[in-house]
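Here the structure is laid out as structure tokens; the discussion comes afterwards.
Note that the chains take the letters A, B, C, D, E and F in the order they are written out, and that residue 1 is the start of every chain.
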Amino acid sequence: MLYLTRREHFNGAHRLFNPNWTDEQNDATFGKCANKNWHGHNFDLYVTVKGLPNPDTGFVINAHDLSSILKKEVLDKLDHKNFNVDVHELKGVLPSIENIVQLIWKWIVPHLKGCQLHCVKIIETENIYVEYYGE
Amino acid sequence: MLYLTRREHFNGAHRLFNPNWTDEQNDATFGKCANKNWHGHNFDLYVTVKGLPNPDTGFVINAHDLSSILKKEVLDKLDHKNFNVDVHELKGVLPSIENIVQLIWKWIVPHLKGCQLHCVKIIETENIYVEYYGE
Amino acid sequence: MLYLTRREHFNGAHRLFNPNWTDEQNDATFGKCANKNWHGHNFDLYVTVKGLPNPDTGFVINAHDLSSILKKEVLDKLDHKNFNVDVHELKGVLPSIENIVQLIWKWIVPHLKGCQLHCVKIIETENIYVEYYGE
Amino acid sequence: MLYLTRREHFNGAHRLFNPNWTDEQNDATFGKCANKNWHGHNFDLYVTVKGLPNPDTGFVINAHDLSSILKKEVLDKLDHKNFNVDVHELKGVLPSIENIVQLIWKWIVPHLKGCQLHCVKIIETENIYVEYYGE
Amino acid sequence: MLYLTRREHFNGAHRLFNPNWTDEQNDATFGKCANKNWHGHNFDLYVTVKGLPNPDTGFVINAHDLSSILKKEVLDKLDHKNFNVDVHELKGVLPSIENIVQLIWKWIVPHLKGCQLHCVKIIETENIYVEYYGE
Amino acid sequence: MLYLTRREHFNGAHRLFNPNWTDEQNDATFGKCANKNWHGHNFDLYVTVKGLPNPDTGFVINAHDLSSILKKEVLDKLDHKNFNVDVHELKGVLPSIENIVQLIWKWIVPHLKGCQLHCVKIIETENIYVEYYGE
């Protein structure tokens, strides 16, 4: 079994706040991330698939094909977007990277052929990242 | 003459658009950066000062003092903010990093003692950065 | 299950030598790392916790809370310290990063609530790092 | 169980093409990587071993010894080489990093004492890497 | 005056050897880089332009336009190429990064409008880079 | 004129304190860096030389020769050393990176032939670096 990882990049704006809470509760929990006028990040996305190399190509998956899937299924929906406002599937969901990696997992799985999705990882800042293995 | 550089980090949201232009003109020039619901970035700020080392400390400037100045004069105004909405001095100004480095220069200069400001640099993505030397 | 990783940073001095060995044995095994006047490193600490996101926050753990735990339980004990001299729990222990990650594991575990410690990783140089998963 | 990782670096040239295919098929699958005059990369190699720290040294393996093994068993065979032409074991094999990590695994295993090989990882570009765990 | 830098990336193969020299002279000077079957690198290209921000856009140059120029004038000629064989302008020239940055300078200058070329920089490995300022 | 930069790496321990000051003054100025039992860092050294490429080699300087000079003249004196104790030329000098880059300049200059020293830069942490241009 070989594991191949492809990195992509997207930028976006979001706001972390719980509409069921008071402003004081939101500020105490989310701090500056609750700014009502939004803030944003550069997000690095690492997607890992696993499988056996195809003997004709030497590839688990052609990295250019994986990149095309990620651009169409993920980046077109998230890049330069406001996650709270512009992303249908995040309506009513806190747009933490914990919730976003699970959404990306669902978006990618149906499009992979000949290999399995292993991990979706998002680096939000150089100090924080989240990984999801599908269960 | 020695040059000391201190890095700080801030996140923010912005929108690049010219209110005197049509939506079509804005889209043609700014592309996804014109998204009306904002997008954002992780910004790395590098501030370089120059001077002679103080013989008592070996420092051009105490890097902790420089960091304190940057936190108070720059990061408190920009970190986790919407540059178009939350930053008084950017009202009516396109919040490109070209314009932001010039503003940061003005904010820092009055607070440096015993050394001169040499360069303000902002890295917006791993592919784009801007530098300003004060003239 | 989601995995969240927080990076922190500390600097320190140490010396790798075995007091039961001759200087020749120490030099043969530890080379320059046995310098009796110490040497040091920048250490990057990556701590990974796992759990389910809290539906109220979207977080496995609030990264600011995790950072506070790491600052109090780890960095206050190791940052800008001499690991052989200043760290009580390392007395009589070779201060290799293999031994330090195990110590950090013990320091952190009692302070995590609502999630489990998954991995402690230290990067000693860009060419060497160690990971510990608790068993 | 502790996991220690050592990074090494090598450069090389290769060409991705399948001799049983037409030029059109090769271009469609491998694109620019099929250039008949070769292209090349900087490859970062990360080798992870696992084991218990030796109480006399604090080490799972002495990182300098691991580096020596990697230089002799891997870098002498791959560094500044043409993988299609200069590497005996890659004759008739597509020199994808999927195939190269498996070869490196075989080269290293016989030379490790007191610890087990856990992972061989090659970073081909900042956007693509492959990992192999031996099965 | 503002300085904007755009990064691009290309891979390539080359061989450093002087056809007027013996193999021994070439080996003594270029070492492994003289391998007759080629080797290669990942090259990071940083191009810096200087000028005044356009008041309508806030930009010294639209970074997407600069990227388009670099893709057409530089990457189409160098990416995934053999510099000794595939690049007309490098025939008879040692394809060191010193010589390549000068060639890139000539390729870019005629295509910049409203700003001046300031620096062309190539990073060949994490340990070596070259900069050219046009004189 | 071309500018070539070579990176090298060294680790070391140091203590920042002024022997003419009280402990309180030292703590107020140097904070944790005044720890009497030392602390340390990974230091990245970037040395830039300038000159015309040699037509026989394409090189401003052979990067391997520059590396040999740096290993002999700089790294043998600083790597895995205690800067306050082990380095003769730093006796009585505050071992700040401002003072160390000037010392490295003096060490390198006599050994360069066919090119000029342009800049000595040390990165002490990812947040602080110093550059010296010889005047």
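Rule of thumb we're sticking to: a residue touches a chain if its C-beta (ideal position, glycine included) is under 8 Å from a C-beta of that chain, and two chains touch if they have at least 3 such contacts.
Note that the structure is a prediction, hence the values are computed from the model and not measured.
Chemist: Could you tell me which chains make contact with subunit B and subunit D both?
Modeler: Correct list: A, E.
Chemist: Identify the chain pair with more contacting C-beta pairs: C-F or C-D.
Modeler: C-F
Chemist: Could you tell me which chain lies farthest from subunit D when each chain's centre is the average position of its Cα atoms?
Modeler: The most distant chain relative to subunit D turns out to be B.
Chemist: So if I superpose subunit E on subunit F by CA, what angle comes out, to the nearest 5°?
Modeler: Angle of rotation between the two copies: 120 degrees.
Chemist: Going by C-alpha centroids, which chain is farthest from subunit A? Tell me that one.
Modeler: F
Chemist: Centroid from C-alpha atoms only, then distance subunit B to subunit E, rounded to Å. What do you get?
Modeler: Each chain's C-alpha centroid was found; their separation is 29 Å.
Chemist: From the C-alpha centre of subunit C to that of subunit E, how far is it in Å?
Modeler: 41
Chemist: Between subunit A and subunit E, what is the gap in Å from one C-alpha centre to the other?
Modeler: Here subunit A and subunit E have centroids separated by 34 Å.
Chemist: Give the residues of subunit D touching no fewer than two other chains, as numbers and ranges.
Modeler: Within subunit D, residues 126 contact more than one other chain.
Chemist: For each chain, which other chains does it touch, given as pairs?
Modeler: Every pair of chains in contact is listed here: A-B, A-C, A-D, B-E, B-F, C-D, C-F, D-E, E-F.
Chemist: If we count contacts the way the header does, which residues on subunit E are in touch with subunit F in the complex?
Modeler: Residues 16, 18, 20-21, 29-31, 93-96, 98-99, 101-102, 126-133, 135 of subunit E touch subunit F in their complex.
Chemist: Report the residues of subunit C in contact with subunit A in the complex, numbered from low to high.
Modeler: Residue list for subunit C touching subunit A: 1-8, 53, 56-60, 62-64, 67.
Chemist: So in the complex, which bits of subunit A are touching subunit B?
Modeler: 9, 11-14, 32-33, 35, 37-42, 79-82, 85-86, 125-126
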